[in-house]
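Next come two complexes built around subunit A: one with subunit B, the other with subunit C.
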Partner chain A sequence: MSDQASLYHPLPQPDEIPVRDREDAMGAYLMMFAAVAVALPLPVINLIAAVIYYYVNRRKSRFIHFHSLQSLLSQLPTTFLNWGLLYWGLQVWLFHNTETDDLFWGYVGMVVVANILYFVFSLIAAVRARKGRMYYFLFFGKLSYDMVFSVNRSFRYAGEDDLKTLQNKPPF
Partner chain B sequence: MKSRIWFDLAKLLVGFILLWAVFVYLPNFFPADWKSAFSFDSDVFDMSIEQEEKLGEFILDNILDDAEEIENPFVDSVMWEIESRLLNKIGTTEYEYRFKLVDDPLVNAVTLPGGNIIVFRGLLDFAETPEEVAAVLAHEIAHVEKRHVVQKLVTELGLTFLVTVITGGDATLIHEISRTLISGVFSRSQESEADEYGMNLMLKAQIDPRSLAAFFRKLNRENMGYDEHLEWLMSHPHNNARIKSSLEFEVPDSFVSQPINVDWEAVQEELK
Partner chain C sequence: MLLEIKRQERYSRAELLLRSVFGFLYIAIPHGLALMFVGIAAGVLQFLAFWSILFTGRYPESWFEFQVKYIRWNLRVSASLFNLVDGYPKFGLNAHHDSIQFEIPYPESISRSSVLLRFFFGWLYVMLPHGFILMLLAYAVLFVNFIAFWAILFTAEYPESMFEFQVRYLRWSQRVSCYISYLTHEYPPFSGSSDQQVTTT
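Presenting the complex of A and B:
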């Protein structure tokens, strides 16, 4: 356990996280819902918005970085699935190149469930982030944690000491 | 740590695949045809048979304005022989069928709304037997009975547009609809449904359903060197699957075909 802990930066506790950081972390999840609504029926704007939000906010703190990265990564599968459904649907109803079969309807069911799961878990994560808590999605949670909190990642955040030292360098 | 991440990814992928599989097989446990609510193949369009017949009359008149109808008593009697064999076996129908033979080299037949079917001279020139013509007509009758034409028009042009045409009778709009019907295509599922209905109708009429496969084969053979007149093939896509299903159509052992007793060569000679 101690070996594991030494590989990662310590997790910020709720009382150490400013309200502003908590709100920015929450915003990473909530903003995606608005972007998804705007992006319909072409689910691409949500992805662009997520990338922009991530790059704008990631340097603010590890807490915000983690949540915005988790939000970005976790919406990739649903976005790709929605693209697939859009393409398949157009082939069926607009271009008449294929027809609806059990595979298609199974895919529709899967996409609907995937979107509902994404929506529900994002809401939970947004609430937890607002409370200054970590919340880990399956796979994306661990991946984001590893990418953000690993000591091997040399990523500097606003207000950190190493960032300040970089401003004035010694002569030798 | 890394291995736990990848293990999570594997769980996620398996979860999605299982979810897909569940939804693929789940509908089989529901007796109701819940998919029809989302399908254009269902009879969901609010156009009455009377409206459809009126629309059909407009379109038929429009097409016959530009094309020359063949009115030959001998050919008409032969065509009636073929048509009546099929019509006597379709059972209860809401349509009053009208077949028109048009002097055009296209190997084609076009279904219009309201039970109107246009047969082009090229089809009669091309068919080797009256049974092959019956196969095409049975297919077109299926498009009428299944209301494919109305579904197609409503899907492509919209119900409001069609109702406007029916009430106003605007010649330009009718011409547009005629063009859509002659150049457009039905969906694969509609074509398959029409093939199946047509072959079953032929069975009932004691006409060998394999005539459709024979006709398909000849079309495909001729199409090897592209002929612009082979419209029926070009306007009826997805042929390989349809040829296969027409070849695989099961004819009961008890089936006895009753040839259509007409002098087909004389018909073709008459049309020259």
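Presenting the complex of A and C:
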């Protein structure tokens, strides 16, 4: 257990995380509503918002980096599923290239369930992030944790950069 | 909310002519395009901030700062197109113009009921009365802008009363915009006077 722990940076505890960081972490999960905000029901809008949010905020702190990365990665499956449904739906109802069958309705059901699950778990994650807590999604949680907290990842954060310039300096 | 634009002692006639003839080409179009994309992000954040305020009672601080920076950029472009300041407005959210000052104190907590009231009835008690007056004033602003153009062309100075009128219009419309977008909880006064003038009267 201790060997495993030494491979990762220590997790920040809720009382160490400023409210501002918690809010930024929470905001990452709210990007799933971006399409509603711009009134464009295209599955890619949320993903674009999540990508922009991730790149703007990832250097602020590990806590924000983790949550925005988890939010971004967890959007990928539902985005692809939604695109599939959009494409299939257009083929059926707009271009009349194919007809609805049991497979189609099965796919619709799967997409609806996936979206509901994504919505519910993202809201839980947003609330947890606002409280300064970690919350791990299935698969994406472990992946994000590994990408953000692993000591092998040399990623500089805002505060750490300052510390670096203040302390060790080259001999020339 | 603080919005001040410093009046220059002298204005460049060449810049004035260049801005008036080609301003749409080298200021409005490039800045407009950039601001359109930033504006989409600001719109999304404002929509999400509404929900955040509703559930947490706070406007996320970094989103608030983003909105303030977006407004500053807009003001730089507006002030330039109104001929209130010389020089090309800088691109970017972190850029500043020495003559333009815009500040809003960050509200630590925002009343949820006030936000709901603005969301459902803002059009009635904010947009309608203020919008009507601002719409009428917009015609006056265009007229004053036209007169000021000739005044600057001949004297290289922006007449003080005209300058103040334009700034007051910008300040008034900005106050309404900030109130309706939950950046401030103070109902905008029916005037474009600066904060000091409002408190002394």
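Definition applied: the second predicted complex is superposed on the first by the 156 of 172 C-alpha atoms of A that agree within 3 Å, B and C clash if a C-alpha of one lies under 4 Å from a C-alpha of the other, contacts with A are read in each partner's own complex, and residues count from 1 in each chain.
In this section, a contact is a pair of C-beta atoms (placed from the backbone, for glycine too) under 8 Å apart; a residue touches a chain by one contact, two chains touch by 3 or more.
Computed from a predicted structure; not experimentally measured.
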item	value
First (subunit B), second (subunit C), both or neither touched by A:T100	first
Subunit B versus subunit C as contact partner of A:M26, first or second or both or neither	second
Touching partner for A:S6 - first (subunit B), second (subunit C), both, neither	neither
Comparison of subunit B and subunit C by subunit A residues contacted	B
Contacts of A:I52 with subunit B and subunit C, given as first, second, both or neither	second
Partner chain in contact with A:S154 - subunit B first, subunit C second, else both or neither	neither
Which of subunit B and subunit C A:A34 touches, first, second, both or neither	second
Overlapping contact positions on subunit A, where the subunit C interface meets the subunit B interface	none
Of all residues in subunit A, those that touch subunit C in their complex	19-20, 23-24, 26-27, 30-31, 33-34, 36-38, 49, 52, 57, 130
Interface residues, subunit C side, partner subunit A - complex	40-41, 43-44, 47-48, 51-52, 56, 58, 60-63
Sites on subunit B touched by subunit A in the complex	1-2, 4-5, 8-9, 11-12, 16, 19-28, 35, 38-40, 185, 187-189
Subunit A residues within the subunit B interface of the complex	4, 7, 77, 93, 96, 98-100, 102-103, 105-110, 113-114, 138-139, 142-143, 146
